[in-house]
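Note that the chains take the letters A, B, C and D in the order they are written out, and that residue 1 is the start of every chain.
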């Protein structure tokens, strides 16, 4: 299982009345991603508000996604749990329902040491045969994993085989590429770093942007892979302000707002997360209208 | 309900075999704190590994603590939940079982805006009549609340009435004291800042240290309140290295290690947290032996 | 030579017409400090805009200060030069004119390594017999020296014998006190940390505040040394907003503005530094009027 | 005057005996750069240790460089002075000797406000007709200028017309490109960000690397401009570790060490800067041997 290209992240729609997960609407969002020609679907990431779901909801979203995608593209399942026991439970569940890849991040309350993170990944790896994407996102997870440490985990932990880098620092990608002699696939998780990441050797781009701007991220990916530099630069700068805006406004809230703008009633994020303010919604509307 | 003095934090013991919460041992730890003359007991804080407990375990610890303390001193219950709904549920439970104060922190995955934090606290305040201690601990919670913002919440939110400051920056306490004209009680949550915090006007010190060094924190508190400066300085520097060490080594892991050293079989922290290494245990043993 | 108490920092007045140093006005400022009962005078610190003076001006200020103070209190001369050669030249000059102490900081363009800083201090120490105050002020100097490193320099470099800590982090002072068993004198260089620093064992307070508020810093120092805790707290909070304001507004510009408010025509700071805006001047005027 | 391509930075050789500037050796270094096909020469930057030179030395280096280059390529003169008066003096001198561009940075002791920086640039602009490159290098200068602020200066200050960005954050370049609609030329000042900067639209790369690796930086620049993506990536990763190493080891010290390795007796950096340790020299030697 080696992922390449655009890995699309659905948000998790909530029912306006019950505030529960709305699986039918989730199906619509997955359809939007598939129509945008994504190369994989990653459920239960940051954009999917996984951290805010109950265990039952989490399982429903995971199972529904695998069944709905139905093998058209690989399905990645995000796991960001505070305890190793719960991460193992979720990983085993992901395996049972037929997911293809686990994306595992060291979400923390107490800052974890490298020894603790290593043991956490190792325990999850021993619990299922699924390949593990090591996911570094210090802004949400509270700990920052260096390229050297992540590569050490990939060397030593059976199923750990790829890296998603969301720190926003392109030098991390240089290090991963150089230290692994280009052999460890890595993926860009910082939307407004896409041009640099792909030029530096990222094998894919993990993004919720196709929920709102269709195959434009895919076009950018293709332009770079085709060596079409001028077009890549043009495409990137067209999307740049939008890509930055959905990150700084909070991915879940802004992508949900964008879907509402486009007529999909997916609801707002779960409290304490708030929907975009009306000013922010107006800005997003303008940015989206400029992108067709 | 106005807290003053030493607010003691029990760890949450786990059974070595089942890995479940060991309430009998929790009773022993509470006894240790009461013998150390603490002025209140605060369950389910960072030291209590609340973030790593299941809902059922959380409720058991909360209920047991209130019943075991049995009104000898006030009981504070910590709440650090990712969703507002869960925070409300826990707050109502704390009220039902007879707790005295809620200590509420804005634990976050997505970084919360001030508007989101305000709405979170307001919703919890509207759900119970219990007084709320606004708890700022950016290192564990992922967001940092300014003195100005916390005072605004205390002004505007019915039950929000006191502040626990754990950022480690003494200037925050200066601001709280000065901006509130000394009227909003605040508490020190950074062990190795105790001397400064109490001299700057903190009404109490939230600490798990009495689990290991008895009434020595209380002696320091009393010396400062008595205006006995030279003694306060001596007492503080006696405890200083120990106080810093349990913070930098992880409170839960190091206090549990210290209790084991003292013969209490309270188990290690929950994974992915690891027990102290044998080197760190030796250091702690030396520090404890110097403190009698 | 062991300094204790309040070490007063004069600003360097410039002539409104020529923009040159105005030594007569400097005499007036020194008088103000002596009337405020400072225990030492420190020329050519940050407040004295030493970094902005030509070599000739620097020498004039140094020589004038020593002659004008005339042994009433010790004179400290600040040295913050980019090259070791120039630092040595200034140190030798300070010795020749009869200064008592050199305050030496590692002002940097390239960030200096500990090895480079050590060699810099060692070279200056070998060039004169004057005692050296090791001065850590990362905000202006661009490098940050740890307590451990500064104590190592004091152990190993002949004339290095005391520390001025201006990082604003009280934990540094805890470390200095504890690691040196209270034997290395240290001084507070962060005005709004004065209460904490003195309670933690600082032997003195380096400050330009007496230029504007007379002996009130000295009263605070005396209250703490007398063990009069309640009075110390009251005095500190009276001065607190003023002390913070002159730091955040830029010491040289704000102290010069305050002197103008009080009727001393000392001019503004040297460009590119700008005088306080009229709004900031109004704020300072209010703060000063509250302090008598 | 619009610069494009590789802007080469000579170091400033010092005579091993006198420690003075060695102009003959400087000529050799300029020859090396010209042979490396640089598109411009920039004297008195960080690599040139300008901050450590006396006024006389600074003038000698500036004048010699202009005369020696003799119009073969444009000459940029770096100015990083603490006072506006001295910056003006140097700018006028640069104009008199026939330099083409001034590279001006806000080197600071007190952190400068935007108002102070603006006035500083404006005053220099009014003193000469030379075009000004606004140079942001927070690591050495102590202040950080945002893209928005630098563009405002370029809009409002007569001779300010281009930007050198050395913060290392590629997002700054995205902003400059986007906010100026691609009309304000910007240059990369962070060696190991070269691939990204040039792909993002940088018009040139300011670097001392050609002192050691000849026209390899130029080859990278040409590959990107030719849209030859695969070759650009290969060239970048060949140079990457070297480019990072000379930055983290200190540009002046490491480039001088590299020149010594290659047989040019240019001496070490000026104290307190130290030459590379023998371990670091060995590492550099290995990196250079890999680059031919």
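Quick notes
Following the convention adopted for this analysis, a residue touches a chain if its C-beta (ideal position, glycine included) is under 8 Å from a C-beta of that chain, and two chains touch if they have at least 3 such contacts.
These are the chains along with the protein names UniProt gives them: A, B, C, D = Dihydrodipicolinate synthase family protein.
Here the structure is a predicted model, which means the values were calculated and not measured.
When chain centres are set by their Cα atoms, the one at the greatest distance from chain D is B.
Here the CA centre of chain A is 35 Å from the CA centre of chain B.
Per-chain Cα centroids separate chain A from chain C by 52 Å.
Between the Cα centres of chain B and chain C there is a gap of 39 Å. In chain C, no residue reaches two or more other chains under the touch definition. A ring topology is adopted by the chain contact network, closed into one cycle in which each chain touches exactly two others.
In the complex of the two chains, the chain B residues touching chain A come out as 19, 46, 51-52, 80, 82-85, 106-107, 109-113, 115-117, 119-120, 123, 139-140, 142, 250-252, 270-274. The touching residues of chain A, when paired with chain D in their complex, are 168, 170-171, 174, 177-178, 192-193, 195-196, 199-201, 224, 227-230, 232-233, 237, 240-241, 244.
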